[in-house]
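Here chain A shows up in two complexes: once beside chain B, once beside chain C.
So, the complex of A and B:
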C-alpha cells in the first residue's frame, strides 16, 4: 500500500472474480429484459433497460451487504469478500445507468433542466403515497458514487482505514434510501405481490443476517474478566491457543489477537490496517500474521509489515505465568517492538492442535 | 482503534432494523388508497375519478380532442398533462384550465397504449 496512486494489481483471483461477476450481470440483464419483453411486448427498450439496470443494481447491493455478515458466520464465504470493491463499482455503474436513462426518459424533454425537474416534479413530502421517490434514488446514487470513487487503495491509504471505513458505512444510508425509492416508487405502480415479495424477502435477509452476525459477535466484545497481575490481564491458558493461530479477546473495549507460533506468544490489535479485517481470524504464514481478508501481513513481534511494505498495527506487552497468558490492555504505538513470551515445555499443556 | 466504528455500526443496524420494515409495510398499505382525487376548484373540472383497477406502470395523463378508446396508441393531438401514480395525480398542468372539450385519458408509457379513460360516460372525464 502506498500514498501514491498505483493501478489495480491484477492477479488470477481478481480476474476470475470479475469474470464471474460480469457473466452474472449479463445473464441477469438478458433474462430480465427477455422475460420483460415477452410479458409486455409493447414495452420500449428504454423502459426495459431502466428496469433491468435498476433491478440488477438493487440485487447486487443485497449481495454486497450480505458478504460481510456471511464471512463473520462462516469463513468459507471469504473468497466473496476478497474483491468486493469491484462488485461495488459494478453495482454503482448499473445504478448510474438506471438513473441516467430515467432522467432522460422522464425529465429530459421538458422546458426545465432535467435535474431541476427531478426535484420539483412533485413536492408532496407530507404524503407517503405521493412521496417524491426519485430524489431518494438520486441521493443513494450520490453516496454510491462517493464510495465507488474512493474504493481504490489510494484513498484508503490517504484517508486512513477508520475514516475510509466510516465513509463506506454510508452504504447503509444508501440502502435505506433505495428501500424508500423502490417501495414508494415502482411498488406503488406495480401492485403485483410477486414484485413486493422479493423486496420484502431481500430486506428480511439483509437485516436478519446482520442481526445474527451481530449476536454471534457480541461475545467477542465483552471485556475479559481475568485476574490482573502487575497491570497485566490473565486472558487464557497457553494451550487454549492453537499453533499458528490466535485467540481474540476484548480488553478495554478493543479486540486483541493473541498469536501462538514457533513456541512463542505475541499480541497485536485485531484490526488490520488495510480495511480493519480481523487479523485474529488469520494464520501465521511464513512467520507473518496474515489477514484473512486480503492477505496483508505483519510480523508478530512488532506489528509491522515486512519490507518493502509499511503498514503497522499496535502491539501489546505479553507474558506467560504458570501456563497462563497475561496481556497488558494498554496498546503500544503501531509497530512497537515487543519481546514475544516464550512458551516453556511446562506451560505448553495440551498438545498442539 | 475501531471500537467507535463498531458502536456506530451497531447503532445504524438497530435503526435500520426498526425503520426499514416500518417504511416498507407502510408503503404497502398506502398503495391501496382510493384512486379518486379532487382537483383544484379553480380548474373548473370538479371531481375526476381515476380507474379503480391498478393502473399500468409508468402512466401519464393526457388530453385529446379526438375520440379515444382503450388499447389505442397515442392520438396525434394528445397533450401531456402530468404523471399519475397509484391512481392519484402526481402532477397536474395549469393548461387543464385552458383546454376545450375533449377526453382525459391515462396512457401507459411502458405498454405504449391507452389504458383508461377518465370519467368515461360522465361529465367528469370531459374538460369543460
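So, the complex of A and C:
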C-alpha cells in the first residue's frame, strides 16, 4: 500500500526536529524540578515529578496547538508541522507519566481499585468549586492516548480519513478538559498569580491564534463571484497565478487549487489526501503538485500520485478565455484525467483579439 | 489569498530547508527555548512553599511502649523530664503501610507493653509511626496505664479535615483540593482523620476527630474532607493529644 512507501524514515530534518524537541523537554524538566527542589527543600521527588511531567505536557500541548494556525498565517512555520507527530507522542508520554504517577500516589495502595477511586474518592460532581478535577485529566489522557496510538499513517489508512480526522480534532476537547483539570485542581489550592497568569495567557494565545487563522480561512471560503460562461466560472486572470504555484478559490463551497506550470493550467481539489493539507499552497516540483505539509505529490492533469503511490484527488475542468481562467465548479471523480488549458502568448498579458 | 509570496518552498524530506524558512524556524526555536526556560522558572517559583513535614522513608526505628486501640491505635511512651501538670506520656499515632489504619494489626495488643518497628512521620511536634506489622511483639515490662481524657469544654472550630498520615508528612502538600481524593482514600482505609485549625499566624493545631461517644469516625467524615468546615463539639486532652468529640450533624460547610 502506498503509505508504506511514504514512510521516509528518520530523515535529516526529522532528526534535527527530534533533537531540539528532546533538548526542550530536558531543559524544562531539569529547570522546573531542579529549581523547585532548591526553593522547596521539603518537596518529595514524587511531587516534583508529578508536577514537572504535568506542566511539561501541558506546555507542549500549547506548542502543538499553535503550529496549525501559525502555518496558516505564515508558511515559513511549516518545518514545525512536518514532524508534529513526534511532538504529539512526546507530549503523550509526559502526560502518561504524570497521570500514572498521580494514580499511584493519590489512589494506589488503598481500600478500592485506583481507577474506581479516581472517579469516586472525591465525588462532588454537583459543585463547580469542588468538582473532581482528576477524572477530567483522565479523560484528556484517554484522548491523547488514542491520538498517539493512531498517529502513524498506517492508522490513517486503516481507520479511513474521516474517522482519523475526527479523532485528531478531539485534541481540542482534550485541551478543554485540561483547562478544567488545572483550573479546578491545582489553581484552587495554589494562589500565586505566577501559575494562574501563565494558564490564562496560554488559553488566550491558543484561542487568539485560532481566531485570527479562522478569519483568514473564512475569507478563503467565500465563493468567487466570477461571471459564468457555458457552465464555467471565471475565477481569475492567468497572470494572477505565479508559475509553479496555485491560486485557491472557493467554488460551490469547495476549495479548488488552480495551478500554473509549464505553460499550462490545471485545477484540483485543494485538500491533500494525506491529512487535508492545502495543496494550493504547495508547489509544482518535478512536474508534480507537492503538498506543503508532508510533501505528498500529485500529477496536475489527473490528480493522481505518481506510481507506485495511489492517492487521488478530484480534478476540475479548466479553460482559458481572453486571458481569464474558467473552471467548472462540478468536480470530476478523484484521479480523472483532464486536459490542461494551454496558455498561449496572448493570455499571459493582454486579453486576446 | 495565502499564496506564499517568497518563492521558497519547504519540503521535509529534502536534506535542508530553504534559507528564509530555515531562518524563521531558527528564530522560532530560539524564542521557544527561551520561553521554555522562562516558564520553567516562573512555574517552579509559582507553586507555594511546602511545610516542614517529614516521612523518614527507608529508615526503620524500634520503639517500646504501651498500645491503646481507642479511639485510634496509638503507642504511649513516657516523656522524658516531665514537669508537673504537663502530660507525662507521648502518644504516637500508629498506622499501617500505604493507605490503611493499623486497627487490625494492633487489636490483640490493647494495653500491652510492646516493641515494634516502624518509620517515623512528623510535623510540628506531632508524631506518627508507620508500623511494620510483623515486628509487633509483646515484651515484659510494665504497661503504662494511659491517662484519661480531660475535658476542655465545648468549642466551635474552623478548619479542614485531613488524613493525619499524609498531612504529617507522607505527602507534601497533604491538604486542600488537589489532595482531597487521596485524603478520602486514606481516611476510608482507616487513617485517623484530624481537623487542622490554623491560628492567625498560620500555625496549625490538630484535633483528632471522634464521634459523640468517642468512637472512630472515618466513614462519617468522608463527604467533608478538605472542605472549609466549622465543627462544634467537646474538646478533650488525651495525653499530649487534642481530641474533638462531635457528631457529623454539627459539621457546617463554610
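We adopt the following convention: the second predicted complex is superposed on the first by the 341 of 353 C-alpha atoms of A that agree within 3 Å, B and C clash if a C-alpha of one lies under 4 Å from a C-alpha of the other, contacts with A are read in each partner's own complex, and residues count from 1 in each chain.
Definition applied: a residue touches a chain if its C-beta (ideal position, glycine included) is under 8 Å from a C-beta of that chain, and two chains touch if they have at least 3 such contacts.
The model shown is predicted, which means the values in this text are computed figures rather than measured ones.
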Answer with clash or fit: chain B and chain C placed together on chain A by superposition. clash
Return first, second, both or neither, reflecting whether A:40 touches chain B, chain C, both chains, or no partner chain. both
Looking at A:122 after the superposition, I want to know if it touches chain B, chain C, both of them or none. Which is it: first, second, both, neither? both
Have a look at where A:190 lands relative to chain B and chain C in the superposition and call it first, second, both or neither. both
First, second, both or neither for A:107, with chain B first and chain C second: second
Contact-wise, after the overlay, does A:283 reach chain B, chain C, both or neither (first, second, both, neither)? second
Please indicate which partner A:15 is in contact with in the superposed arrangement: first for chain B, second for chain C, both, or neither. neither
A:130 in the overlay: touching chain B, chain C, both, or neither? Say first, second, both or neither. both
Considering only touches as defined above, state whether A:321 meets chain B (first), chain C (second), both or neither. neither
Chain A: partner with more touched residues, chain B or chain C: C
Footprint intersection on chain A (chain B / chain C) at 40, 42-44, 47, 105-106, 121-122, 130, 184, 186, 188-191
Residue ranges of chain B in contact with chain A within the complex: 1-6, 8-10, 12-13, 16-17, 19-21, 23-24, 26-28, 30-31, 33, 54-59, 83, 85-86, 88, 90-91, 109-113
Residue set of chain A touching chain C in the complex reads 8, 11-14, 20, 23-24, 27-33, 35-36, 39-40, 42-44, 46-47, 51, 55, 59, 63, 72, 74-80, 82-83, 105-112, 117-118, 121-122, 130, 132-134, 184-186, 188-192, 194-195, 198, 216, 220, 242, 245-248, 278, 281-283, 285, 290, 292, 294-295
Chain B contact footprint on chain A (complex, rising order): 40, 42-44, 47, 105-106, 121-122, 124, 128-130, 161-162, 165-166, 169, 172-173, 175-176, 179-180, 183-184, 186-191, 196, 199-200, 203-204, 207, 210-211, 214, 221, 253-255, 269, 271, 276, 314, 331
Which residues of chain C touch chain A in the complex? 1-4, 8-17, 20-22, 24-25, 28-29, 32-33, 36-37, 39-55, 97-100, 171-173, 176-182, 184-186, 188-190, 226-227
